[in-house]
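Working notes for the structure below.
Which chain is which? They are A, B, C, D and E, in the order written, and residues in each are numbered from 1.
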Amino acid sequence: MARFLKNREASNGRAPGEIVFIGEKKVQEATLKMIDYDNENLLEQEIIDLNESIAFKDTPTVTWLNINGLHDTDLIKKIGDGFDLHALVLDDIVNTSQRPSMEEYDDYLFMVLKMMYYDEAAKQIKSEQLSIVLGKTFLITFQERPGDIFDPVRDRIRKQKGRIRKVGIDYLAYALLDIIVENYIMLIERFGEQIEDIENEILENPSQKILSKIQKYKQEMNYLRKTIRPVREFILQLSRLDSDLLQDHTLPFIKDLLDLSTQAVEGIDSYREMLSDHMDIYNTGINNRLNEIMKVLTIFSAIFIPLTFIAGIYGTNFENLPELHFRYSYFIFWGVLVSVAVFMLRFFKRKKWL
Amino acid sequence: MARFLKNREASNGRAPGEIVFIGEKKVQEATLKMIDYDNENLLEQEIIDLNESIAFKDTPTVTWLNINGLHDTDLIKKIGDGFDLHALVLDDIVNTSQRPSMEEYDDYLFMVLKMMYYDEAAKQIKSEQLSIVLGKTFLITFQERPGDIFDPVRDRIRKQKGRIRKVGIDYLAYALLDIIVENYIMLIERFGEQIEDIENEILENPSQKILSKIQKYKQEMNYLRKTIRPVREFILQLSRLDSDLLQDHTLPFIKDLLDLSTQAVEGIDSYREMLSDHMDIYNTGINNRLNEIMKVLTIFSAIFIPLTFIAGIYGTNFENLPELHFRYSYFIFWGVLVSVAVFMLRFFKRKKWL
Amino acid sequence: MARFLKNREASNGRAPGEIVFIGEKKVQEATLKMIDYDNENLLEQEIIDLNESIAFKDTPTVTWLNINGLHDTDLIKKIGDGFDLHALVLDDIVNTSQRPSMEEYDDYLFMVLKMMYYDEAAKQIKSEQLSIVLGKTFLITFQERPGDIFDPVRDRIRKQKGRIRKVGIDYLAYALLDIIVENYIMLIERFGEQIEDIENEILENPSQKILSKIQKYKQEMNYLRKTIRPVREFILQLSRLDSDLLQDHTLPFIKDLLDLSTQAVEGIDSYREMLSDHMDIYNTGINNRLNEIMKVLTIFSAIFIPLTFIAGIYGTNFENLPELHFRYSYFIFWGVLVSVAVFMLRFFKRKKWL
Amino acid sequence: MARFLKNREASNGRAPGEIVFIGEKKVQEATLKMIDYDNENLLEQEIIDLNESIAFKDTPTVTWLNINGLHDTDLIKKIGDGFDLHALVLDDIVNTSQRPSMEEYDDYLFMVLKMMYYDEAAKQIKSEQLSIVLGKTFLITFQERPGDIFDPVRDRIRKQKGRIRKVGIDYLAYALLDIIVENYIMLIERFGEQIEDIENEILENPSQKILSKIQKYKQEMNYLRKTIRPVREFILQLSRLDSDLLQDHTLPFIKDLLDLSTQAVEGIDSYREMLSDHMDIYNTGINNRLNEIMKVLTIFSAIFIPLTFIAGIYGTNFENLPELHFRYSYFIFWGVLVSVAVFMLRFFKRKKWL
Amino acid sequence: MARFLKNREASNGRAPGEIVFIGEKKVQEATLKMIDYDNENLLEQEIIDLNESIAFKDTPTVTWLNINGLHDTDLIKKIGDGFDLHALVLDDIVNTSQRPSMEEYDDYLFMVLKMMYYDEAAKQIKSEQLSIVLGKTFLITFQERPGDIFDPVRDRIRKQKGRIRKVGIDYLAYALLDIIVENYIMLIERFGEQIEDIENEILENPSQKILSKIQKYKQEMNYLRKTIRPVREFILQLSRLDSDLLQDHTLPFIKDLLDLSTQAVEGIDSYREMLSDHMDIYNTGINNRLNEIMKVLTIFSAIFIPLTFIAGIYGTNFENLPELHFRYSYFIFWGVLVSVAVFMLRFFKRKKWL
């Protein structure tokens, strides 16, 4: 399957706004968790009946609803109805081939982005889609499957660590985005170390295996870039957004996040360039090798071919071949052979091939 | 014939706005179909007398007129007169070498774009021109020949599926564009899979055939890019258009379409880059091969040339050649040959050529 | 002489605005033709006395004055005085190394651009400068030498074909520009066909001649691009111009022209890219060839060198060389030779070199 | 460790705005120095109790507080409280992997940038983070360890050299930035000289060592670029800033600084391009060498292989081989050998291989 | 010394705005010349006492003061005081490593740019810094050493040629800039001719010398580009400037100048691209050569190696070797040799290697 463009066959002929799940089903059953808090109170619970959580929708407390599993389109539709979400929003949530983007609706912001992780088994970076709906008093996150990436945020909420309990819901959204982007950077850095490390290997031993490695890193970097660049774009958009949903004191945090995502994109570009340089050195290394091989061949040939020729002459059976009959001919013959060899060696020495 | 720029000879010396068909005649006779609907009623019919459909022009219902076949310039002219279209619009409709673009006129929007499909016979992507005129109460589509690409939309109209019957004519235009762009993505994805697949083949066996394949894919991708990028441009334009012809609630759909077309363009660029990487690996593979060939040659030469030389020496006919007369000379001679060969093999082993 | 930057030596030390002809003199004597028309009347004549035509300057009819030949700077100056042209305009008209551009003056627009044609003798694209002065009631064109490129327009004027006689002078200017740009496209297309065609040739037989061809096409494409891109720029400028000289109903035509020139520029870029790909295939083809040559050499050497060595052994003159004296030695010897050869052939077969 | 993206593990799961030191601890203990001056008075002292310096915060004199060492987060927090700094500012100060940037807060500007120096031991460019907080009456600089880079500014303050004592605190900030950027340029220039110098070496002797050098320079240039480009960006931002903190008469100095940083960035780009050209010449040099090697091999082989063949013929033992028995056969044989050799040499001369 | 970034060591630690000469001292003593004129009167004199010329500062006549030699910083300071120039302006004037730029001050415009000339001795393009201060009634030019580049302007002033005496001081500034840019173009053109010329040489004989030439031209083009691009930028800025110092009727001239400088930049880019193509052909040429060399080697080897082998067989000393004893063996042997050779030649002919 093409990794760079997910299969959209299922969506063919579908009406836009009609909700059809596109992607791989990664959990058996979708699960819902809710955290509801303000500065003083904290309520955390597994949701079974959706109406429970819809009740919290308009309370002034911060309501964070997290859904794991997207294939249950009925559930998604109910949430959509409960929280007044546009059909297109629901459509984007269940279409896991969505390009990262942000859309401003009347009462909420809708963001789609990707969580990235390295799949040790497939030896590839994989991505999962995360959708965030940020309303005035509620925030809904949709993940493809349960993950512990947001646990540090939950922890901070539970332990009243930092400012998270004191400030608004937009700060919560920021905190989630921040974790995602920090994870991008850690992923890039992980590859970066490996990329910086293979340089010496390339110079010393430009093997086929290294070539495959370079290519693999290149593709992973391209994949990261394709996914992270639009994230940076929408954070930029976010930092310029004029909306009630974002409070003034959250702006510096968004700008900090923008810096972080810029750093991510620049990091990727640096490593892409480095890989491109690696490829160049690899090729040059191969050419250097060819030169060395040819030198060895040439030196051997150029020394022994004349010698063999001389030996050939005295192997002829001419009746009248005077040199054959002198007493010391054979030793003079050796003298000639050695002289020729020495001369050739000097010649190659002068040419700096030895 | 140049695929990237169609032949315009026919248009030479023609007055601008004069309607001359440029392209290949793809149907015997042009046919017209009309669908007229509102939320309650639906009328679908083949049109024989054009005036029938012009009568529907100003009714508040949605009137969608589809023309298959562009060579009948008289017909096009009549439609132009009937629906008050600018001469340039008619000119662009019959000139199938038109660059995708959108033009805003007083009472209607005019869009030209391309439908793309893979021609199995010619093993090339081919394109057909689609022109859309979007008025207040009518929408006219001009295709080069009958096709079933819009059938899903017709189906949704007939079955009142989704919102299509409830909302305005601009949504119909969007629905058509959406199908076109979805088709682009499917085409890109189809090539994408093949492109991702040939990578292993290149590393293992960099044959001439693969080179041709890479080149072919490159050109198809270039062709796609050339056609799809301007489409993305005009959708962007559309999303920023301030016109009565587009209602507010259609805007999110247009933005979604913009995202989709961005995804198409980015997908193409990813694959172009991948092909460029493929080309690099291919070249490196060839060089690796050359190295291997040269290694074999050098090893053979470097081992046997000295051996042959030694044999040559004892093939000389010097009268006084003492070694020839010792009893074990021949066996010592073999000993020397084997030693030299072993020494050379070790030498190459140390050089890691073996 | 440098084609990409014409010799400006003549202009050295000249005062700006001083009129010095820079270029090649392409006609013996400058000639003037005038066409004056409105919807009803048409007057066409060769001008001898310039004052004749200046008289038409302020009449409400469309006055189109065409000058062939630019070396007669006195004449140019007289025209400048007669039609109140800025010194810089006159300077640009006679300097045939001018970059295509448009300048807005108080009472007229001044445009410089190039007509391009393929010079069969020099096997190069050559260009001629065309300057257009568009006033309220007059239009003056300056060509380097008489040409028939505008004949279709004259024809349409004479035969009242299309809208040309009914609308204003800005439409005439558009019609001229349209012909120029259509000519660019035809020129590009002509090269394009050849460029698309050589691909197969490259794969089959990467000869030196093809290399020269690719290079030649590259330079022609660069030359076209250098000349056409600024034309596209000023048409864009024109389409955004807010001036009395352009009437509203001419705007769609200008936009159409803009599309056409964009198509020209994109076409050039496509072919440039294709040529760059051609160059890549060419180089890969050469490397493939080298591989094939080396394979042949290696196979021959690797088979015969050991054989020769074995023959050499039995050519030695050792007194005690037992194998020589067995009855069937010679035939066993042949057996060994054939076995070695067969073994080597198998070895190369396994390596897929055969 | 990846140089292009510093390790951020420590920050994982941390609340944004929570102050966690990320980086290498470069000093044992953080030290504080304060300079307080106006046109008449100057006070310079080592700070032990932070409150001493906070007292100077609102006095109209210029108060410059310099902190060396960032690992003491308690100290940083105290400074933050004393000078009313935003939590994110403190966070950025202690995170030494920060991207150079500028942020405008209500009462102060916050700038992060890097000081660069060549680490002779590691043979790499290293960077240290410098943070600057510019308030109305105070300026705080945070360095990773004590350095003498700002000594010239201190000197000018002490000696009342130039305008520094007469103008405001924004000029002081400018003076510090100016020294940083001048240092960038000197670093670039230092590498630039070496880069310009290796060109001849490459043409003469394209060794493996030079390849490593080119690669090393490339990476250092990339590193410089990555660090300096965002500095240029924020100086540009600074030059367009509309803030009370910058006085009008400082603007020309900022613009001068912008020019300087543009020069730095352009210089880097020039050298990057030059290195890329160097790489090209290197590769061409290698190919030229291969050609030379092959020429030698070919000449030797082509001359001696036919000669050896001829000698081989007269080494055969045919009973009836007439030439062997003529008296002068051997000498004629030599004549033939010499003729063949001469002919081959001429052949290669004509081919210009000799 | 690095040519792309001049040595700034002297400026290290210097206060900004402090005037320190950076560069090479190119004249013994600085000299001053003044021209003062209006439409009727003209005064031209060598200045000894600076106060003489300062007296002319506020007269309504055009006062053009030209200084040759920049090392005399005292003189520069006096001029600065006399004409009320900002410290940074003076600083930029004496720092000959300044990037071309324009700065608007309250009462004057300050421009720095480079005059370029080809130094025949060093075989390099060299540049000299030219600073222009354009006030309301005075214009000051600072050159590194006396030059005759402005003589044509002085001549036009003296001879009242063109409009120069009739219009204002801004026209004088334009005239000077015009000469500079015309000189750029002539320099580019001069290199351009040589660059266009070497193409044939490359195809015919890709020698090491040509490689050096290409590299040299590349660097010169890069150097030109680095210097001329910022000049184009500030002319663009100038053309958009809204200042009393520029009169309306000078604007068309500035725009013409902008066109000229665009032409210069585009010319450089064209030649850079051409050089890059040259490099490609050069490399392909080398590869073609290698192919030819290998072909010769392979043909020789493949023909003679089997022949030598056959000769070797009949050189063996087997007692029982029947073929040796037939009467016509030797002649049959020759027949076999010739057949093999003919067969090989045909083989290579079929492969199109001959």
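Operating definition for what follows: contacts are C-beta pairs under 8 Å (C-beta built on N, C-alpha and C of every residue); 3 or more make two chains touch, one makes a residue touch a chain.
As the structure is a prediction and not an experimental result, all values here were calculated from the model.
A turn of 70° superposes the CA atoms of chain A on those of chain B, with the angle given to the nearest 5. For the pair chain B and chain E, the distance between mean C-alpha positions equals 42 Å. Centroids of chain C and chain E (each the mean of its C-alpha atoms) stand 26 Å apart. For chain E, the set of residues that touch two or more other chains comprises 283, 287, 290, 294, 297, 301, 305, 308, 312, 315-317, 321.
The ring of touching chains, read from chain C in the direction of chain E, comes out as C, E, D, A, B.
Only residues 1-9, 11-18, 86-88, 91-92, 97-99, 101, 103, 105, 205, 208, 211-212, 215, 218-219, 222, 226, 279, 282-283, 286-287, 289-290, 293-294, 296-297, 300-301, 304-305, 307-308, 311-312, 314-317, 321, 324-330, 333, 337 of chain E touch chain D when the two sit together in their complex.
Of all residues in chain D, those touching chain E in their complex are 152, 155-156, 161-164, 174-175, 178, 182, 185-186, 188-189, 192-193, 196, 199, 203, 252-253, 255-256, 259, 262-263, 266-267, 270-271, 273-274, 277, 280-281, 283-284, 287-288, 290-291, 294-295, 297-298, 301-302, 305-306, 308-309, 312-313, 315-322, 351-353.
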